[in-house]
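Common to both upcoming complexes is chain A, partnered first by chain B, then by chain C.
Right, the complex of A and B next:
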């Protein structure tokens, strides 16, 4: 056991080096942006990086956002592993979030079971939302990237329609949103009064489950094989289509669960346009984590801290929250590109 | 009540940005450069067109800047793909995220606005005034009162068709897509050719984005391209990367918007009107898949593998 840990430690450095390099470069780029646009760059940048660690409340906020990002990052990861690009996590999060609130309120069950039912309903909703793109990809060969994106434009519109016309809207709220869940139907909080909640443990448990499936089961082995060498997998007698479908549905369900936990654990209701792009951030998290279970957790914590930091930076200085989205795009390039090759090409050497 | 003229006007203005973007997208797709980044290139085109229009006081300069910046975006994506060796699909998604962030950042930094920037009395491109011919069947219905950009976009379609079918460059692009070895053997540089097609795609996406920003309202809103770049890509895929067919399919998607808008007056909820182009796009791609399957071509399963090293 110890041996394995030690070996893991060595390879962990090799595995995480590209991520650390990409993070360093992109933080440098964002520092340059901050210097360019800000009157008080040092305050702004310090708040961006450290805002999440100022007090227990902001630390808790960081954990609650990281919870959602672990799940949406895991959703993207599960897809990528088998060669499926679920670019529509955002939409699955919306349908999962609304479905969870509806089921929690309607289920005639004792509270713990009602919460469980709500979370499962969110997963089912997310899986249903990826059904059409998944079937089109697997049976008709239509690239899932455009269809999942299209579905993610439809989801916020559909959920807002249901909210306004399905008798779900809280008449006393200014913003379109549902009534709040009664306290018994909420996931318990940790680090109250921040919005961190037991969803974090659910997310961590699912990462462990993902690791077990990936490393210790035939399904996991098949997923990796289908993702890396589809034709070889075919020759090995693996049913590529089935493995791909399973990955799609798992991906949709995980994103749906992320939405459900926003509703049941964080906001305690469904709010119109509640997501600051959790679904897209999930793609970045999956890439920074290099599709590894531990990597996804670390990347989600990092990005959770940056989301909280960006919010504080916006209030504390003249640098807007949007810096976070710039960074997100830059990180995608740096994580998927081959920096070493560029270095060799630009500066010569080996 | 809705009349035929309003219907056609809606269809034309809904189609124009998708048509423009799809035309360049067809070039890139033909050279096997699937340009997911068109969405972001539209967005940066829209932002730049409005900014330069306001600063210079000339909407025409704004248009040129919007097109130029879109082309630069195409070159940027090409650098990410060829120098940084990113997967083109994932780099495109990253590009869109980045542009979305940069435009938000800039309207906040320069205009103190979060989400929407509405300058006071921005210069707009002129509208087509056919005067006495406004009631001419067909031409009057289609063009009178529309932005001159509609004419520009029509001209671009014709020009692109000529380049595609009659020029050496058009043949080279087809060769890059079909037979890479032959291109290299002929002494051509495939990277340069691909970069050019991505720049062309970026330029027409910038044109489409400019249409959104400086043809009617003169407003920039966060993510105002609203998936039109992806819809244009779907049109290109549907049309098998032919310029004219891509433009026609783009018009079909625009028509779906006009139809939905028409149904709004008879009680279709606004959310369903707004989701129409996305639903139409999925249905369109479904048709592509069914057609491909019934013609005996097996579905291609190309896995997307983002981490390659």
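Right, the complex of A and C next:
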């Protein structure tokens, strides 16, 4: 439904209004909660909102989280656009992350090429992880929202199995994880010592690429048509199945790349259950960003800032990190509700 | 009596008075200060070209649009109608040009959508709703099963649901936007007898239509709009179709006569022993064979629902066949593959305009270009937006598509202009085969004539044309050969040059004469 709105010639303001409204309401609710539970509400709330901007380190942390969210948000967006609901970004991130480490370590290539190969391997792994749900949806009509989600529960278990039994585990580490990549095989850092890295530029470049594909290529036009009105696309001789498959794979590959960048750019290794739900957050980011390229970037930055802020707030005041989950819940609730309402408005009246 | 200077409705003065209504959409002005009076006990027809602003004006009355200037009085009191809900509660009921029913819900659910009847617990009282719908349907003579699911109903029945929905509150004015466009003549007759009853009860009916004959027969008053202005008002008994036509399009209508074509060469489309199943697996097309050769228009006449839709879907690859073969330009098309069929040069003007004909949420430009999107003139790797815009501009000019801007999405076009867009896109590449269904549905008389002459031109350049229409006059007017479909079979065939009478063909359409095919 949202993919219809996006292209409906509705003004930027009309498109972003529901998001802004949802953000305002959820922040207000969080503030009320802070006031209710905290001894020092002003400090707590200020840290929550502004913590990410206190110093270079926290700003960099925000950017590094935002990098992953941009990619996983883009993954969800690409799917939504053609009418594919990839609910399994989380799983694709896991397989992408492990595959990237394996390839980086094993590839007999000079470091820049090895890094490239690692990132590509992550994308391939993500795309493979969505293969079965995609084929099931396209050829059998089985709801992908269920199958991608199911596949995403398998991925963390499979990766941990491979980690433990595939000789990948670092014997000296307490938690199950791989050995660290040697410095040459890591994506260069920015804003050291934070974990922000060149992955950010990759993510931004991909957002631009996505915009170009969507607005300036035949594939993008077909994706939109298939997403908006499959019956029309079919009548116009567009191969709905092929277009849908392409966006499934693009979606899986982007999520896999997000995982690869966690490995090669942030953690420099694969760690068991490393993801705080990047894949699921990607869906939230896509919805708040209203499937627009710029919107996805802004939503990812906002969420990155709140994650960092929530961490700081927990240490600086008596409000726990969990405030973020409340906010996120309200946000998702409002965004999905709003979608229905806006959709009804647009469908209802001319 | 209010005694004020405002009009009141007690003595033949209007129920609804609209004055100086101005409606803008961005910088585009759809209504330039329009006046309209609606009187009780009358059928008031509003006529005008496609895009003249008829639907927009009625949307102002119903509360869908909020006009920027002007005022509306109901029963002598000035009112501000801000939503359809409010419109309904002030006694305005509307049946839209494009139905707004929820296909998965029942008739009763649809009728009460938005103002559900609830029981003591605040839950929807289905039984009461169904009882009320049955009651309404009996009162107004609109036969319907309240518990039926809307998607399973015929178009005519769906329209009855729309009308019941409009009448579910006590309305004083019932607005019907092109109600007969999708009805069979029999359903049309039924509708008008229902309307007569309503009017006799004191209701006012506003009727928007492009069918001048029915307007002259049933309307008590006629107002004509052009380019967002009221340009005239006539009495039906003092007017003729010809005069009305001129008033509507602002010039004399060059009415063209039937003109035969010359079929040449091998068939472009050859259908043999085709059997297709339709809704719930019931056979809809039964052992049908025919061919269309370059340079001829083959018309398929028939009452809606006799298998035409399924036949066309099968031929265009949109529906699987049960048995039989379809060959295009001599090459058999195997399994349903709309992509391949389109690439082999088959253009399709579909019957389902909103679902298949236009991409409602894409721009007019994209809608026009998509038909030839693979053409290199629109760019090699990246799309050349400038070339696309120029292309769209040319087609918009040629087919006189009225719109506020090229970037508006097609869903915002008026009904007739949407149809022009579809025809423009499909005819422009000069395809060797054209399959057109209900080509003039929703078009004003001028636009319909233009489309007819276009189809003839394409036939003359050598296109093979399959015309499928439930409008018998249209089929008679254009076809070189006429096939009549009844109950999934070809029940009769006529030579267009023999000018068969509507009566003759009509009997076969109704299955009264089974001519040998």
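The definition used in the following text is that the second predicted complex is superposed on the first by the 322 of 350 C-alpha atoms of A that agree within 3 Å, B and C clash if a C-alpha of one lies under 4 Å from a C-alpha of the other, contacts with A are read in each partner's own complex, and residues count from 1 in each chain.
To be clear about the criterion, a residue touches a chain if its C-beta (ideal position, glycine included) is under 8 Å from a C-beta of that chain, and two chains touch if they have at least 3 such contacts.
Predicted model only: the values in this text are computed from it and were never measured.
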Partner chain(s) touched by A:54 [first = chain B, second = chain C, both, neither]: neither
Chain B versus chain C as contact partner of A:217, first or second or both or neither: second
Which superposed partner A:238 touches (first chain B, second chain C, both, neither): second
Which of chain B and chain C A:228 touches, first, second, both or neither: both
Greater chain A contact set [chain C / chain B]: B
Residues on chain A lying within both footprints (that of chain B and that of chain C): 228
Of chain A, residues touching chain C in the complex: 4-5, 7-9, 212, 216-218, 221, 224-225, 228-229, 231-239, 348-350
Sites on chain A touched by chain B in the complex: 18, 33, 37, 80, 82-85, 87, 132-133, 136-143, 145-147, 149-151, 153-154, 157-158, 160-161, 165, 226-228, 230, 240, 244, 280, 283-284, 286-287, 290-291, 318, 320-342, 345
Of all residues in chain B, those that touch chain A in their complex: 34, 36, 80, 83-87, 89-91, 93-102, 104-105, 108-109, 114, 226-227, 230-231, 233-234, 237, 269, 271-272, 274-275, 278-279, 281-282, 285-286, 288-290, 292-293, 298-309
Touch list for chain C against partner chain A, complex: 55, 59, 64, 84, 100, 316, 318, 338-343, 348, 350, 352, 355-363, 366, 370-371, 373-374, 379, 381-383, 385, 407-409, 411-412
